[in-house]
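The chains carry the letters A, B, C and D, assigned in the order they are written, with residues numbered from 1 in each.
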């Protein structure tokens, strides 16, 4: 597995909000070590429906619990502040679930994180799961099961769809990382791919992309140069019209660039198996696992 | 010697201004390798009265000349920008001569420099000289001569006065660093003292302080713990009234703190020889050099 | 949100970026009150690009010609975009043209300057562009590095660097996605003028920008009615040519569903991402808005409940079927509270597909029958 | 530059920091137009500290008492500082007092929050203070770390953190050396109020703060006349009790010269740092201003010419001696262009000392003769 495991101690920023509280409960029931919530002015309370203590600041939560990761559910305009707080309090991984963060704020936060050697996933992402061990975010845990497939994706529910197909075909997952659908974000494909490449628990990597930008093209080049394990890819938006934002802030074909076709072509040319449907992803993983390929 | 030597390649930011041009000439005549001036919009010209080429940006100057240090003469409100430019272009030492830089700008610049591992001397400082080799700043070179005394000072002309007394008594200097009279600054005493402690050319260290703040008290504690070489100190402002700013932005006794007496006491308690006049500094150095002390 | 040229220029002026003196008119007669001298320029204020090629910029040599041109231009629609008004400006004497913009660079994850030593260009296809990433916090030297890369010198170096700094301040202060000056004109008097400008405000940041409060409605005039309505409701609708209306939760899944419909021989009638965590009411709004599209024969609802609960969706479906008993629905529901949802829909006669491919195939075949 | 309380409070209000409703008056009769109800507070507006202890804050239970108190307070001088006006405020119901300030920390080289869970204190001598260094760029969590260190919780935690953030924004935006709220009052209704405030503007940054343009002259009223005059000329003058006027170039050297005068048995009459690079005119102004001090018997000029050229100083001396032939001058001149200076002064009869100690001894002995 990569990045998180059963020993990972997690705080939730914005834990007393509706979404924060609901998902704190779900994470706990999955087995995640959620050791603290943080909501300014609510220190001393418990996260509603749980025994998890709430602190006023991340620094205090970290000092009292030894947590190293923060899952962030605060409203969009407060994420930059919350993220800087987490970095300054010594968190080594931020998982930003919040959707609608202004991208200039994201750019500032990622630059801060990079300069301090802190990893960040998101924003506008479902989080990360190491099946059977821990879940940080909003992914539905029941869909995943432990196994050798590493997943990295710009999408949320589409990731669940593909995880479902994989789990149904008995291809469990080592870790699944939802990097989020915003144009500017923390971890990008190459960083996650490298982690999977170095992870002894991961045999096959599934890369899920979508239209917009050129992250998949860059990932293709990166895989060709650096990744020894087999990769299966899926790109959503093959029939998307140009110039229209398809839900995600980052999912738009503009100036003829960022089409699914361009991405699929680049991936294929890098020796990556490209599936056309979620079910086909599972089929290609089956094939690869029965006939291991070495690049 | 410390920090700079005859091979140091220097650019001057603000080289075409009256002060910048005059001191570029003086540095050149001292033997300093001033390889470029930088003034936006004057690229392609020469520093007046010299053959030194002027560039529009530090990046270009650095690329074309291989310079690693910048002496900054730009107006006070432009220093933050100029300093960030120098850091971003890869300079490893900034010497900020400019007086009147708003201290919040200084705080921003020093924080930037620290995070990038760049050293900064000043602002509001006379610069640094390694006698017989190189001079970065506005110190009058003819007063100094090579030798084994390392000097560090918050003052300008007072430093010259004491250097004069030392040189007259035949105590030449390894390097003299004027760290400047502002309350917020780049290098402080401990960093310079450490460099002298590690410098094989330095036998005795002269520390020149003045009223205001508690940098000298901290330096005393630092010397006691870390410095093996003998130190002679001089503190200006023994008769200064409280609550009045004595010229330098940092030279003020406030709330009963920052008096010369407090500083002299702390220095003496740390085993440092404290002189009462510039001439006495030279006398104490003479004594120490004839009877080496080891702490 | 894209701004009109006249709006962008007002904002430029507020940030100290010089623009030609300009007057916005909505009736040809207003030209009589303008005293620029002749010739002057008339420019259609439209959202779309390609205005120049489409004849949306004209020069008038006198008032009569001006009024005739204004009348014609005011009624123009350019690449689907209605002319909102005309911007009238004196003709500028141009010594040189440049291109200058600030935008967010996805790959680098930070803002960048994009510039070119020639103006009026299609920046996506130009080879002459230079780019400079912009670190945070900003200092003006970044703009000087840009001016240097453009090969400028002397006064022009300083003027362009100063304008680039102002453009970045504007970009940061107003939370823009794009601030573009194209062309940036050097006049024969060596002054800089933003001759045309484009500003795109970041949609997510609009709520914290008091300047743009209430602007959204008036800037969606070119959107089809149902897309505009969806946007106001917080739904992401994109209408397409086919007859299968698609509603999912999550952008990636909606696109994947759309792709599968096409792959299995169907024609998507729209993309509608109802977003994560939609409740019964919002889901119902989503189905109703797709239902309003007369081309749609079959509605395919694909919900993979993670943050969205299946029972909320089932509630919306029960209500919708009550209102629209004859509409053909194909529903795939899976995930959180799926069991409750199944019970709620047990008496409705609606078949629930647990598998996505099965649901898509069903929708495609039903749509073929309907046609 | 220090601001008066009423000015500081206006600025607080502009940055969203609540203050009591207040009216500034300069005549007792103006009280009749104020309708706060009774009792109300009358506060001397003075630059100096220790106002409360000196009786500069009084409470009036009715208008008659108010007018009598106002008359008295308006004529008060507190610790050498003239009362500029009175600030009249309703009496506030206080549940709790805190202390909150932002200043620059010399040792850490960055701004810091200083706060205490008790108010109205002498912060320099309090043990209960907490400090939080403020990184750049600022984010509000720093203020929350402060609120936590103060041991606050609940609504008060959030309110104090919010006010601290506003205070920092003010500190940064206006280039302050100090922004202080003391006491910061928690009212019985759990609201925060800045009951007294102090703002010190950084002198070097004033020229870029349009708000403070022209304020300097009106805020130096407590300075002795010659010190005020020097400040306007860009000279650093501090007057002392003795009879030897000291003029040097450079702050450290001026202090050292002053110390030596004292060490050798003399009494410094002033500290005057003429700064680096002074030309003939500025040097002459410096000598003239010291000359205006009737206590000064001997003027000791010590110039170590680095950036200051000795010939410029010699020019000033020639002119000064022409105007004031009887004034006793002791001059030490060394450094750049010393040879030219010596030639210029060769015919003047003025002896030039190359050594500082010799010059100081001469000045001390001449001053003793003069007394």
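FYI, a residue touches a chain if its C-beta (ideal position, glycine included) is under 8 Å from a C-beta of that chain, and two chains touch if they have at least 3 such contacts.
As the structure is a prediction and not an experimental result, all values here were calculated from the model.
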The chain pair with the larger count of contacting C-beta pairs, comparing A-C against B-C, is A-C
Could you grab the centroid distance between chain B and chain C? Build each centroid from C-alpha atoms only and quote it in angstrom.
55
Using mean CA coordinates as chain centres, what's the gap between chain A and chain C in Å?
27
Centre-of-Cα separation between chain B and chain A, whole angstrom:
50
Residues in chain A with touches to at least two other chains are numbered 108
Residues within chain D bordering two or more other chains
135-137
Chains as vertices, touching pairs as edges: which of line, ring, star, complete or other describes this one?
other
Inter-chain touches occur between A-C, A-D, B-C, B-D, C-D
For the complex, which residues does chain B have touching chain C?
40-44, 56-60, 80-82, 84-85, 88, 108
Touching residues of chain C toward chain A in the complex: what are they?
104, 106-107, 109-111, 124-125, 135-136, 172, 175, 177, 202-205, 207-208, 236, 238, 240, 248-256, 258-260, 262-263, 268, 271, 273, 275-277, 304-307, 334-336, 356-357
Residue ranges of chain D touching chain A (in the complex, touch as defined):
135, 137, 139-141, 144-145, 147-148, 153-155, 157-158, 161
List of chain A residues in touch with chain C within their complex:
19, 76-77, 99-104, 106-108, 110-111, 126, 138-140, 143, 153-161, 164, 181, 183-185, 208, 210-211, 213-215, 218, 234, 236-241, 244-251, 255-257, 260, 276-279
In the complex, chain D residues that touch chain C:
136-137
